[in-house]
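I am attaching a structure below and will ask some questions about it afterwards.
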């Protein structure tokens, strides 16, 4: 008689987690031990970093992973002691708060919250633990908190560059954008991309499609939807499609491959991580270097010997290589000159990229 | 297979014993169990086992067919002691069973039904067909292996069941109440088949509570009462049904016969041109009209499935799509819902008390409320009056002799007869003017049967109109003032119970007299 | 007396189920090489007052969800759609409360009524389909869950307000005066939702309506036997519709403790999946308001206590999802076993009570005591 996703999930969780633990029991938390057991050449530090991931956590091949990469780098270089925990899908606000409190109570300082879903929780817990330091990625609403560092990105700037690349490379004068979920954050990608494309070709046609709407976040993890959306654009005549759709991007690449067209990746250099069968369709990727932000944040703490913690909003933009574009595959080698010129103009403030469509 | 045995003429008392039960005991909480059952069934005989409902016949047969293990005692089949822990064991030992409710797939052919589950014996093709034809001819079963079961009548289906058992090599055949679903003519045919079987040296165990039939066909009769064997009659000459019945109940038998007529000329229930069309078939009810007067019991006779259930449901307002008028004491019931009809004075004893009459997992007092939840003493101002309902349940328990420790017992824990008495008591509450009783004594013991008959007679005496549906012709004849016969949704004949015989009714029920 | 026995058996069944669930979870932990002792030590430690607050708050939400499911269950209706119903309803309440057409608590009351109405309508669609067209409510409510997700997503985009620097999407916040205040227990941060009293009242009403009213009787009778209900004058189609609507109305309350007690707006981080947890808890609580309360507390306790596992013990809190899943299974099994045992007990009791004094008439036949003696 029954029937529910959650119930089924409850029931199968046992088997799955058994399997998961059996196959790769070290993926979740084994890293915690590495620095201390790693041998004499690793520097050591008594800084304990708490890392609260969003849903998906380490291994999501997307932005949690990028944050994890920054953490790993910092741990290796500065010998910090990390601990990680990840969010459950659809969890209560209190669960996020408790995650942060547990870190704080266990002596972790700083605590990095990955993703804007933590905004409210960080705002609340930061007040409860004024002596502990927090960082939050992708949210700038907590500027006023003295113990919170907001690490945000100028996604629109990076998107501007890949938009320009798309326009330069498009033979049809027609490109597309597939957003995972229509949030203000993803709209920044769209705005920059459209602006960049129009900067090159004012008459260019840009198809825009979002896979789902808040609070349905499945648009970030539904390759089938991504493929359908991209197929529609290629069928309509677009020859390059940029996706800002997390895991759904795989479907966009597939559609591009089938249509003999090109696509643009997002967040990391997807030419290196995508399925080898489709990587040649990846013209370039818009790099959002969450790892850089995390690493830089931890580095500034390490440099001060754990005495000083950054606070306030730090925007990682083109000027600090917080965002950018990738050149793997060599498909954009012929236009890097143009792109770098745009980049300089943005850094110089000659071009102001819009943040909302 | 029986063919290896030389045909042995039936000589009761001398033929070898094929089934010997000794000291069989079985206990269940709260129900009558088997206790020290001793039976010898001889080869080439028809051995009847009789007893009132609940006497333990079914339990005994389940034990013999391996459905339930006995707590004590031994079973010998053809001289070998066996342990039957599943029907498969029983079949292997040569015991086969024909259930009261046929276990046939309608949309398969006879052949397919017979080989189903026994594919290993003779395959599923020509060899199986030849074997079926051979058995059919050997025992005069008259079965065509290639007909669809759905095309067969009840009697033929029953013969298919018998054939299934024979096909599997049984030499002991148990038939559980085989005549319950048959009309008198079909009963005679069945008995002819059974006699063929015993001529061929098979043993037939025949379970029934219809004593006349038992006396007609059985060579030996074992009477069971309260789970134990009372006696075995080896010489059926000179034994009367009355004598057997007294052995069964251990006392004088109550009779359904009605006292002096109380029929008045005041019509209470008037049904006119009642029809219920069936999509794409002949109507379930076809232009039915009748009146029931104050103080009259109208009996409806018919083979099950000829529209009795639909007639009751139409009067109760449970069948959308009926046409015609139904008037109760001058009120047109047409626009009224089922509940409104009940509240306007209909008491209803449903055919299937487990499915329609009771909430088995609810206490008795809640069952008292059921169907009366809109009325005192069950409810007040939309709230259930627990105290009122409990008190009234106690009254019913007292007045209708419901054997229970109290009103908080779950209905499931009561015996069938006591459940039925509770229903009768409930339906007689709230001053009904019409009582609809569908098979009111089906599956209840003789004691409760007598009590329920008495309650129906009392209702009649108090001036109720009673619509009685029954498959038990004796009951119909004994209780009714008028009998209508229903066939294929139509009323086909009116009979005076004082003058009609079961055979006449049987002819009308099967349409034998229709051509006239 | 018998009531006590029934209650005792119920507690025994739940206890057995829990022990079995814990044993199975431990086995999983041991097989996977995780420290079972530490995990249980962490989970079963006495929660701090702030955790206690969270447990009560989450239990409140789960309680309402399970209550909504239980209303359907009592009539053998499987309202799988509580999840969709509460999301549509919570969104509606957030918009109504955010718009603040009425002042103060009038605004709150209006929002609550709106939520219940929307939940009832949403569930009522499934009820109507079932009653008029025989569409299984399981299928239709599941489909309605999907539709609810899309509908809320579509509408949220229109109702969303942008906060400075935030990437979250939320409705307009509920004004201060319309929020439902809480109370503190202990000294930790956080307050217990004031809504907990509304939930308790809902639980009482559930009990009263089901056990004391005609409507409740009809509902339970239909649940126990549709055929008997029909034969006894209960309009089953009407009951299906009414029950689904009632279930949906209660489902409409599910998100409101969060809305009025902590988050004050509906948005991207609003808790989801509560309807499914409610199904498990309704089963666990045997559809009884007190049982459901205990079940909700247990689930909330496990959720809360498992949260720090990853940080402190290095074990994924998913292990608790296993425990919860296993509890549901073992509970169903043990309730069925105990139910059968109870029926047998009852039959024995009836047999005992009737044996000495009530031989079946006519009394001239052998008294039933005879058989007893022979047996003994």
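As written, the chains take the letters A, B and C, and residue 1 is the first residue of each chain.
Here, contacts are C-beta pairs under 8 Å (C-beta built on N, C-alpha and C of every residue); 3 or more make two chains touch, one makes a residue touch a chain.
Predicted model only: the values in this text are computed from it and were never measured.
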Chain occupying the most central position, where position means C-alpha average: C
Higher-contact pair (C-beta pairs counted), A-C versus B-C: A-C
Euclidean distance of C-alpha centroids - chain A vs chain B, Å: 74
Cα-centroid distance, chain A relative to chain C, in whole angstrom: 37
Chain B-chain C separation of Cα centroids, rounded to whole Å: 44
In the complex, chain C residues that touch chain B: 2, 211-218, 220-221, 224-225, 227-228, 230-235, 343-351, 353-354, 358, 360-362, 364-366, 368, 371, 374-375
Chain C to chain A touching residues, read off their complex: 24, 28, 31-34, 50-51, 54, 57-58, 61, 78, 80, 83, 87, 138, 142, 149-150, 152-154, 156-157, 160, 162-169, 189-190, 258, 262-263, 267-273, 275-277, 279-280, 303-304, 307-308, 310-312, 314, 316-319, 321-322, 324-326, 328-329
Chain B - residues contacting chain C, complex: 25, 27-31, 35-36, 225-228, 249-252, 316, 318, 337-343, 348, 350, 352, 355-362, 366, 369-371, 373-374, 379, 382-384, 386, 403-405, 408-410, 412-414, 445, 447
Complex contacts: residues of chain A adjacent to chain C: 1-7, 9-11, 13-14, 17-18, 21-22, 25, 28-29, 32, 50, 83-86, 88-96, 98-99, 101-103, 106, 116-117, 119-120, 124, 128, 138-143, 150, 152, 182-185, 212-217, 313
